[in-house]
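What follows is a set of structures to go through.
The following pair of complexes shares a single chain, subunit A, combined with subunit B in the former and subunit C in the latter.
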Partner chain A sequence: MSKGRKKGSQLQTLLSLAAVSAVLLPVFLLSSPWPAAARDYLELHGVQETGAINLVSAIYLGYRAFDTLGETIVLLTAVSGTIGILSRAGASLAEGYRSSEETLSIAEASESESASVPAAEPDLGSDPGEKALRTEETHTKHRKHKPRRLRTHLLEVVTGTLSPVVLMFGFYVMLYGHLSPGGGFQGGVVIASGIVFLALGNRKESSTKITQASVLGRIEAAAFLMLILISVSGIIQGGGFLDNPLGESVILPAGFIILLNAVIGLKVGAGIGFMCIALLGKENS
Partner chain B sequence: MIERLLLLLLFLTGFWGILEKKNIIKKIFGLTLINSAAVLLFVIGGSETGKHTPIMEKGIVEIVDPVPQALMLTAIVIGVCVTALALALAYRLYKASGSFNIDTIRKAVHDMPEEAEIKAEETYREAAEEISEEAEQENPVKKPQKEANNES
Partner chain C sequence: MTIILLSLILGLGVYTLVSRDLLHGIIALSAISLLSALLFYLLHAPDVAITEAAVGAGVSTVIFVGVIRHTDRKDDDS
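Coming up: the complex of A and B.
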């Protein structure tokens, strides 16, 4: 019965794979030449019109900055959706099953981890009855979903030492996006990984607050507010929405793009870092 | 040619992962594989028009088309958003059912309304009992008065 069902499902999978490949094969093997009109125009005029040597940044912050604004809103929506799903209010909806026990045990496990180590040592001198009791206790503990100990000394040392380097590289990628490969989004993601490194290598006496979810959320909100203010500020000078308010300076022709890159990098870094830290389960600490 | 066939293979691998794998996390992996196949297809298509990266330093000619690269930047960010939301949903499902296996989750979700109904009935019954107990406690004071009224 179950074998027959398995074979049937495999046959279904094969059939659907064949159907999908039949549809996609002409799409993937398309041999018509790529239209070169946009490339020719950008090659001739792109640097003069936007000031950015990196033409990819010239497109997504110069010609199509409105798209980028929408993209940051998508990211903001995703962050708030993730936090909404992960937060306590969301989890309490599912509590009808048996998650209340689990959340309790998970919350207690981190506290009892430190306490259980010294408690295990006096076991040597105690009588066997107590030992049996204790082993029973540990068995029941193991039966629940006890989170495995993820932090090792190796991880702590490596991530704690690497994170400043990663953060600095992220800021480099973010601020030099108009000259070299990179930009706000790429640098922001590198900054987010630096923040995750900090959170992984975090010890209790650490002096940084950048890994706290509330701080990251505030940074993200402030960066988004700044982005909107920057995009509106062109109107004051008589331009349109997202027009360059700085004018065409000779020293720094890509000033507006650098500004947008920095703000978007902060926003993306804080947002994705926020999401990762929430997925690590630290949004309440 | 060969790179495009490999991309099709990558796409199909992701699709197979979504269809056939039971683990929800592996399904999400399949989703990201499909996303990266689409992104790489666009980048490869744009790279046919030139030879150099679209960074206009002195002496650079014959650049590749920067438009698909800029568009795929958007696609990558949205892929990250989709993955994060899917992982959060998987976490919620794990919290609700205690497993990442799609069959177990389906069974758990199927059973859940009945359990909730039973629970609701129990709470309703308890509340009703409490109310009746309270009423019994209060009634002995009132009943004699009513009887007295009836007698008179």
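Coming up: the complex of A and C.
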């Protein structure tokens, strides 16, 4: 590494540290108390108004459901962007990486050959040794890029056995989000890890449809459509956008929150699982 | 307890930046996620702890290991 580059990286580090301290220092030095009006209101009225004991769920699905809708749209955009990049890069990004690397080393080898031929004319004695050394170098380069087997028996057994438990826990976190910590996003992410575990621990004779990318994509699209329909359905009954269409039921006061949690969890789980499986490549599906 | 967790997270973060073997770096990164999930739980934010454990230790580690399998394990740049 050259000295100038080192100096530049040091300057970058100093600049980033200065930026972080400029943002964080006022927060630490501020002596005025935190605003408490919203907190007190939510503590007093949150459970009665939404029926959700878990106040986090009550806020992000009861009072701020519009923001949650925006977040799901952000996730949808991220997933579709990833899939777009992956599909544009051909069958799989990894194949492209390996082939481009190979052509690069081949081009390098031909370049070094053509460069060594005119240089060899003055002194013929040193040429064969140098050439052999260079071919050896390219040879080791080729050997280094040989694909390794990271997938072992251990990984298959552990992920295959663990995935039903993880899926179960994901559905629990998703459906009980109004009572215990958790909710649609958290449960959805746990479900996505369960789906990825299923895909990793998949033996050839026992394949399931849930780990196929097309099925997951369809689930995500259907869940998003359902989310839009649910949020519009309040308007039909004379309420506003994202108003509770179920009304005040006595048995299940948090029914609307459970419904939203389930749809959001399905959408998040299918979307993130879809992204992971598409990134991992075709050999796992 | 919080100080122990924070210093462990800091040390693992430095190791992740320094290590030349990318697989070791990824394992240190997922350990950071687990420790910070524990930290979030101690700070009375179990929602965030669940998300951090699932995303940081689960999904992102799987993605990184998948990428390493397709590319190179060692960092060539020296």
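In the analysis below, the second predicted complex is superposed on the first by the 203 of 285 C-alpha atoms of A that agree within 3 Å, B and C clash if a C-alpha of one lies under 4 Å from a C-alpha of the other, contacts with A are read in each partner's own complex, and residues count from 1 in each chain.
Keep this in mind: a residue touches a chain if its C-beta (ideal position, glycine included) is under 8 Å from a C-beta of that chain, and two chains touch if they have at least 3 such contacts.
Everything numeric in this text was worked out from a predicted model, so none of it was measured.
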item	value
Touching partner for A:Arg39 - first (subunit B), second (subunit C), both, neither	first
Partner chain in contact with A:Gly81 - subunit B first, subunit C second, else both or neither	first
A:Val173 touches, of subunit B and subunit C: first, second, both or neither?	second
First (subunit B), second (subunit C), both or neither touched by A:Phe185	both
Touching both subunit C and subunit B, counted on subunit A across the two superposed complexes	56, 94, 97-98, 145, 181, 183, 185, 189, 272, 279
Parts of subunit A lying in touch with subunit C, wherever the complex brings them together	56, 93-94, 97-98, 144-145, 147-148, 150-151, 173, 181-183, 185-186, 189-190, 192-193, 196, 200, 272, 276, 279-281
In the complex with subunit B, residue positions of subunit A that touch it	9-10, 13, 16-17, 20-21, 24-25, 28-30, 33-34, 36, 38-39, 42-43, 46-47, 53-56, 58-60, 64, 67-68, 71, 74-75, 77-79, 81-82, 85-86, 90-91, 94, 96-99, 102-103, 145, 179-181, 183, 185, 189, 268, 272, 275, 278-279
Residues of subunit C touching subunit A in the complex	46-47, 49-51, 54-55, 58-59, 62-63, 65-74
Interfacial residue positions of subunit B with respect to subunit A in the complex	1, 4-5, 7-8, 11-12, 15-16, 19-20, 41, 45-46, 48-50, 53-57, 61, 63-67, 69-70, 73-74, 76-78, 80-82, 84-85, 87-89, 91-92, 95-98, 108, 112, 115-116, 119
